[in-house]
Each structure stands twice: as C-alpha cells, then as structure tokens.
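Following this message is one structure expressed as structure tokens.
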C-alpha cells in the first residue's frame, strides 16, 4: 500500500505541473537549444541570440502588431530530451513554429514529431541529411557541411594541393564532415592519402600527426570543434609540422585562438562571414545584417557574437519574414518560408524552394586565416 | 621521416600521457588500500586541480608558482570533505553503496564545477614556454619534461612516505589489516582521511601538469579517471612502481595504437586491456596470485 | 500472494488510466520514455537488486537491442516485430557468453569490468560507421504497427511501452518469488552458503545477467521504434549510471522500487527545469544523500521514516564481501 | 562414506594441512577436534570444495570429489554448516529453508518467469517441506521473521534446518555449539542425535569437549595440520599424545 501511496503522490505532482495556459494574442515561437551538455558551445549563443532578436522585434512593435513570445527549452544535447521538449512545445505551449535544435542528431530525432504535428522547424544544425531528402516542414539555417568542404577544396584546387590528409573527430560533427570530405574529393581532383580520426575527449594527437607527417600529404584538414583542433594545432607546432593546416568552420570563434595560442597562427578555415564582418567589402549584401548582429550581441552580452548565434538570428528573422508575408499559423508559415528568396542573413543569402530547404550556396563561406590572434580574409 | 623516429615520437607521446595516467592510478590505489573501495570521484580531483589553478590565476591573479600549490591544497581539502561527508557515514556499507556514493560524488563535483566555472574549455599557460625540444628527430615540449620530472619526484616521495614515515607505515598497516591496526593504536579513520587527501592531491597535481597540453574543462575528469583506473588495474592496484609501469604501458599502447592501427579504437585499447587483466590476471600484470580465503 | 496480486493490479490500472489525465500534454510523451526506463530498471534490478551483482555497463545491452532493431529494419528491411525477439534473444545469448568470465569477478572489480564492457560496446557503435551510422546516428527506423494501426502517436506508444513494462514487472515479480529468485537473493546475502546448499551460483549469475540483458535489449528495440532515430551517445556510460541510480533510489531488490525510481528520475528533470543549470548538482547530491540516508531506497525508506527508523536498517554489513 | 587421502594444503608457503588421511564411516557421528590453528576449518573447506587442496584426494562414497564444484556436492548428499553462521540475512526464516530445497527442485528460468503449473506445484511442495523442517528444528513459529534479526542460537538451529532440507546423507557441522549456552548445547546434542537416527552421517568440528565426548562415535584429532590420533572417545581421552598436544597448547 505504501508503494501505491508513493505512486499516488507522483501522479498528483504530475497533475499540478500541467502548464498554465498563456495569454492569447501573442505569437508563440518555440526554441530547442542544448544550453548545457556537450554541445553547450552551440546552444548557449543560439539561445542568447534568439532571445536578443525576439526582444528586439517586440521593442519594435512585434510582427504585424502582435508580440512574439519565445519559449526556449534546454535539450542537453540528448535526442530523447529533444523529442520530449519538442512535444511539449507543440502540445502544451501550442507554438506556431520551432527553431533549433542545435545538433544534427537531435534534429533527426525531432523531425518525425514536427512532421506529424505539421509544425515548421528551422534547425540550427549543420548535417546535410536534415534537408536531404526534403521534409515538408523542416528547414535549416546552418550551412551544410558539404559547403564548407567545397570551400576548402576550392581553395586547395586553386593552390594545387591535391594529396590531402584528413583528421576528423569521432562525433556527429566530425562524422558528417568526414562523409562530405570523402564524397566531394573526386569532384575536385583531390586524393585523400590519410583518413584518420580522434576522440572528442582526446588530449594528445601527436600519434596521428606523426603518421600524417610521414605520409605523402600536401595539406591537412582537421574537422572538429573545440578543444580538439586547438590541441592538434599545438601538437603540430610541437612536431614542427610544415604542411598547411585547414580547420573546419566548427572552430571559427575567438575561443579557438585563445585555446591554441600562438599555434593557431597561419591556420586557414572556411567560416561564416560573421567573424570578419568589419573587413567585408561594402557591397557585400550581408554586411548590414552582420554588423547589426555583432553590435547587438556585443551590447547585450559583452561577448563576441559567433556564427552559431548567427544560425539562431537567421532562424528568427526568417520566421519573422514568413509571418509578415503569410500569417501566424503553422501552415502559412511553412508555405511562406518555402517562398523565401534573397534573404541576407548571418549565415549567407537564403533562397528556399520546394526542392531546397537549406537555401545556401558555398558563397555563404569565406576562407579566413588566423593572423596576429585575429581573423583576416585569406586570399 | 623514417620509421624509427616515428616510433620514438609515439613512445615519447605515450610516456607523457602514461605518466599522467600513472599519477591518477596511484591515487586510486592509495584509497583502495586504505579502505578497500574504488573512488569513482578520483577523476574529478584531476579536473579540480586544473580548474582551481586556472581560477586562481585568472580571478585572483596569483603567479603560477603560488597558484599550483594552493590548488593542490584546495583539492586535497576537497578530498577531505568528500571523505567526511560521503565515505565515513558508509564505512560498513556493501560495495554497491560505496560505488554509487562515489559516482554521486563525482557527478556533484562536476556539476558544481560547471555551475561555478561554466562549461568552457580552458588552457593553463605552460610552465616554461612552448619551444619544442628535439630528441633524435622526435620532439618534446618543455611541459613534457615537467610532467616526467614531477611524476618521478612524486613517485619517490610516495615511496619514501610509505616506507619511511610513521604515517605512511601506519597507512600500510591499515591496508593489510584494519582491525589489527586499530588494536595497536592506529587511528584507522584518520588514516582513511589521509588517504583521500593524498590521492586527491596526487590527482590534482596530475591535472595541473597536464592542463597546459591537454586543456581542461569541467568534464575532463571522467575519461582521465577511467584511464587512471586502468593503469592501477594493470599495476595490480599497487601504490608503487607497478602502477606507474601500468600507466606508462597504457599510454604507450594507446599512442602506438593511434599511430599504427586506428585512432578511433584507441580508447577501446585501454578498456580491452582492463578486461583482459581483470579476467586473466586480476592480481595485475606483475603481482603474484593470492589464494582466496573465505 | 493475494495481496501482491492486488497491488499489481492496482498499479496496472493506475498506469493504464493515466493517459486520461495527460492526453494532450507532453508529459504523456515523457511517460513513454519513463516506461522504457522502467523496463530497463526492472531488468537491472534482477541482476543488482536480487542477485547482488553490480553492473555499470547495462546501457550497452540497451544500445545493442536498439541498434540490432534499427539496423535490421533500416538496412535489411526486416519486419519490426520480428527484430524485437531476435534482438532480445541474440543479446541474451551474447550476455550469457560474456557473463561467464566477467561474473567470476566481485564487487568493485565487477563494476569496473562491466563499465569497461559498456564503453567498448559504445566505442563500437561510434566507430563502426558503415553499419551503425557512427556518431551521426541512425535515422528512418520504422514505427511498429499492427495491421493499419501504426504506433506513432504518444498515446499508442504509451500503451505499447507500458504493456511491455507491466509484463516485465509481472515476470520479475514471479521470478523473485520462485525457487530461482530465492537462489539469487541467497547468492546476494551469502554466496558460499548458497553454494554449499547446492545453488549453482556461477550458472545462476550468468543466467540472470543474460535475462537482464535480454530485457534491456527489448527495451532498446522499443526505444528505437518509438524514437525512429538512435545515436551512440544515448547508450554511453552516463546512461548506465542513470539506470543504476534509478534502481538504487527506488529500492534495490523490491518489486516496485525500480518502477518508482525510473518514474522519478525520468520526470524529475521536467520539474528541475526550473532550477536550470543546477539540476546536475541536485542529481549528484541526491544520489549521495539517498545512498547515505535511505540505503533501502524510496520503497523501503519512506515508510521506514514514518514508522520505525531503525528496524528496517538492513544488516547487510560484510555479508556481500564474503 | 567419506575418505581423505593424503590431503595437503599450502597457503603461500604456510602448510595448513599436511598429508591428512582418515575415513568416516556411514551412520556414525565423527568428531574432528584439535587446538586452534590445527586446520579443522581448512579441512572442511577442502572437503566442501571451497578450497582446492594442494595435494591429496577426497572420496565421497568411493567417488573422487576433489574437483567437484561446491554446489554439486549438495546433490551428491553432502552439506555443511558454518562456524559463524551464514544465514541469508535479508530473507525470512522460511525462505532460508526453502533455499535448502533448491537442489531438490528443478523448475527452470522459463517456468519460474511464467509461473507454469508445474512450477507452482513444486513451489507448494517446497513451502510445505520447508515448514516441516522448521518444525523439526523447533523454530516453526519464527517462519516469517527476517533471518538477520534472529538471536544467535536460533540462527544456529535455522542453519541446521536449512542444511537438513537438502536431504544430506553426510552433514558437516563446523563448531555447532560455539556461542551457545549450556541449555542450548543440550538441545543441540539431542538434535544431532535425531539427525543421526534419520540415517544421516554427521561430522563435527567442535571445541566443546563435553559435547564431542558425549555424542561422537569416533574422534579424529588434528594438530598443526597433521593427524595426531583417531579412535573412540575413550581411546582419545587416554591417548598421551593428544593430552600432550592440548596441554602443550594451553
């Protein structure tokens, strides 16, 4: 009987927690970001940015006179949690659209939920399989990994480096990068002479680098997020590595330079334009958006805005545009989103269509280089 | 670069990683001998070492030479508090409870670290610069020399403590037979407390000397702790040279594995060794089999 | 026995009626996962609670079940219903084989060996990209279906998962009160004495290990078909620890303890959300406080606090070491 | 019934038993005595397969059981009790005895999980028989008590009831009178005689000389790991070597 009492208590708790209905007349937008957990480096700036942008919209009078309410949940980087929170947003909070989640895995897990509920989702994760094949209600703002790969390969091709070693991290980000690196290589006449990996928690990569140094490679591409690539940069410096090293857009933030220290000098990587916003030519269509984002973030959080935050910026602004054009119902938002053309955001210029829910080309990226502890555009 | 130099490079990298594992492993075995438990929170003291040093450097602007001993001291105090609050109330509990309470402790410490210092990765400055040193074609950083030096010093200190000081001998007595040790007037509870403090300090120091190379964040403790445990198992849970050799063997095998076979399965190497040793030679690679007594 | 059955029926009715209160709420979705966790906790309780053998690697069996189901349905086009028994059976057999050497170990050594096993399996999920999809996960796993009824909504999944979980609870209850259940508990309390009385401790431990692994695999299959997406991180060390926590907090070796633990630990984060970043601290702290002050878990601890604080303190002592 | 041939046990350089040979006849009560450290308990541990002897053989009814695992011995008809009683502390008294019937029941995992009719019937039989054995030991009123809460003397009786539930033909008792008061010891000796009268061969390791001398048919004396003497209680009492060993010891 005691057990039953306990169960009774739990049931009561559950009932009490049923969420209260919120005031009507606002447009509710859901957000799923992994603010804690391993992908917190993505989720935190994303949540911060989304909040900032929504506040900005409300200060300016909302969308079509309606205030926007952002309901953000933390998914801890766990697909199961993401599904639960997506269900919560849809069933309990009755949101009209969802932005996030931060990682490809979480997004893949959430897709069946939103497709079933007919709620548009704008993912901030990079994996190309999110929108390939196209799902009716799923869009994304983060540049596909393939675009970053194409950007690097383009650059390698111009500099006549054909034999390449790749070193990718064995997590979702690295696995997706590795897939694209392998798939796109033949198109650019590039031969992968070493295909190696390292663990996300590894602390010493000299073994892999030693092997790469002994190979025929003319360049090394490292695909990972902090801190791995910083360790690799330092290991490479220790070994007196002479090959040019290319990193992924996963480390295009000041944090990477802080971790790698002087070992970061001269590294090149494809990046969203946000980190070199000031240095962009005036005619760049994204320049206005970029400067607005950077300034706003700096003002509000006393930190540098990075391109992860930019994904959330784009997602909210895309939604705003869609609601302005179509109205604030999920179906209308979806249709309006799909008709988005020439939206100049942080991640690039978006052109969605029925056949393309990713909307970007490789021009979304530029090659940057670390010089004097800062980023400059590589030539 | 010829194959010999490559091999030397693998060896050097492996040895430096292994030295860290060894220090953590000794921490495990000291506690194991004092009270017969495996402290799953050991890895968190490694994390604390690095993070506290960083905190002292950045927030209190202490110089490195002052921050390091202070951080070690604070970590060993954390070890003391942990023993007091978590281990002492459970002295007579079954192993399962002890396993769980130390796991709980490790989650708690990790969580506190995250709340206090955030979930960013940080790097400690190297003790003496980043200019590589070349040894027969292979390269080392000055920090590697620090790691080797401090590891050797700690091992000697450890040996001296356990063989030549009253406290050390008393702790050894406790590990052989706590009841008898209690009867001859040794304060067993105090020795347990010492064991936790010493092992926390060793772990913290390992965390500090590694952090300039490996970076540190609130969650580095899990994997390092597990690897340290593997080292201790290979060494047969000895608190001396065997565990050091265990750590070095593990580090070198990992490094060779990553260099010659596949880096993806590098972590698997440690755990396959762990399983093999546990199943085939539970007394460790170098120990003599003990006959089981009921 | 009568009362036991009555209790069970009451619990079952509560569970089956619960959706009436939660329909239209995301909590129903959370409860689906609570059901899967209940199965896992019940399975682990067979091993840890009854037979007294610790495991820090049970997430591996959970994952093996999920991946077997996922790979067989997506890559080889098997029927989801067919993959479930296949997964449970093959994982059970695997655990049976692995169990023989591993369960020779005791206490902390067993904990570390199972932990090692769990991590190795996790690494394989992560690295065997061609088969498992690696860290990017495996998507497009089909939902289960009965004729035209597809288990894709929360309510359908709720009934699917909880009927499995209720079955598991009933079976575990049956086992606990049978000759084998007594033998497991005897091994837990005093292994040598049990062996002297003719209890084949070695074989029984391996049997219960395999059974527990098979149930975990079944839960894994269900998880895969409910989620339709799996990735290795779900089946790592943290999950193993979480499972153990559920069992310990609920009450080791009790019938409804694991159920309560699973329910609590799955739902708690929903309420802790208010506490934001502090939930991990709370989680760790609770684990310690529970172990120190309520070693019998909630099921025994809460009534114990009300009635006779000392009478229920179990005199386990060194018995488990012997 | 039971025969030891040159049993030797060495623990890391220390010889605990050295070439001990003797045999135990069926239907008798045999006492094994000796000063502390004579190796009596070690001998029991070897016979019951808990230790593997360094050399020598143990024969049960003409069969070499040196390599037979402990749990099989119960099926062969040999059970023991422990010096510091080893009860299943978290189980009830009745359940303790029901474990004793484990080797004489056979429901498998499947039958137990799904409560097959034959398993239910067997369960009923086990429960009934276990109650009988509790009655035999005179503790049936304690059946629902948790074993860990039993007083020591009752625990001893429970251990005997549990061992008897195995239907042993040979019962080894390791210091059954240790920790009992004189009244309990008296009851114990009566119980041991009853056990023998049911056709069970009994071997006792015991310190209580009165008990040993009063109920044993034959006595084996161990000293420092070696057999010192063997014979009837009278012969042993008169054996000068035995007297010397005991006096020298004390």
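Here are some notes:
Per-chain residue numbering starts at 1, and chain names A, B, C and D are given in the order in which the chains are listed.
We take it that a contact is a pair of C-beta atoms (placed from the backbone, for glycine too) under 8 Å apart; a residue touches a chain by one contact, two chains touch by 3 or more.
Just so we're clear, the structure is a prediction, and the values are computed from it rather than from any experiment.
Path length between subunit A and subunit D in the touching-chain graph (shortest route): 2.
Counting C-beta pairs in contact, the pair that comes out ahead of the other among A-B and B-C is B-C. Centroid distances from subunit B, each centroid being the mean of CA atoms, peak for D. Rounded to whole angstrom units, the spacing between the C-alpha centres of subunit A and subunit C is 34. Chain centres here are Cα means. That of subunit B falls 32 Å from that of subunit C. Annotation: 47 Å between the Cα-based centres of subunit B and subunit D. Within subunit B, residues 114, 222, 262, 264, 267, 294 each touch two or more of the remaining chains.
Multi-chain contact residues of subunit C (touching two or more other chains): 126-127, 192, 277, 280, 316, 319, 322.
Shared interface positions of subunit A, defined as residues touching 2 or more other chains, are 36, 38, 170, 197.
Across the interface of their complex, subunit C is touched by residues 1-4, 6-7, 10-11, 13-15, 17-19, 36, 38, 73-74, 77-81, 83-85, 87-92, 104-105, 108-109, 111-112, 116, 127, 129, 170-172, 174-176, 179, 197 of subunit A.
Per the touch definition, subunit C reaches subunit B in the complex via residues 48, 52, 54, 56, 101-102, 104-105, 107-109, 111-113, 115-117, 119-120, 123-124, 126-127, 192, 237, 241, 244-245, 248, 252, 277-278, 280-288, 291-292, 295, 316-322. Contact residues of subunit B toward subunit A in the complex are 1, 3, 6, 9-10, 13-14, 16-17, 114, 119-123, 130, 132, 134, 139-141, 210, 213-215, 217, 219-220, 222-224, 255-256, 258-260, 262-264, 266-267.
Across the complex, subunit C meets subunit A through its residues 7, 10-11, 14, 18, 21-22, 24-27, 29-30, 33, 126-127, 129, 134-137, 139, 152-154, 227-231, 233-234, 255-256, 260, 263-264, 267, 269-271, 273, 276-277, 280, 298-299, 302-303. Looking at the complex, you find that subunit D touches subunit C at residues 48, 50, 69-75, 79-80, 82, 86-91, 95, 98-105, 107-109, 112-115, 119, 122-123, 126, 148-149, 162-163, 166.
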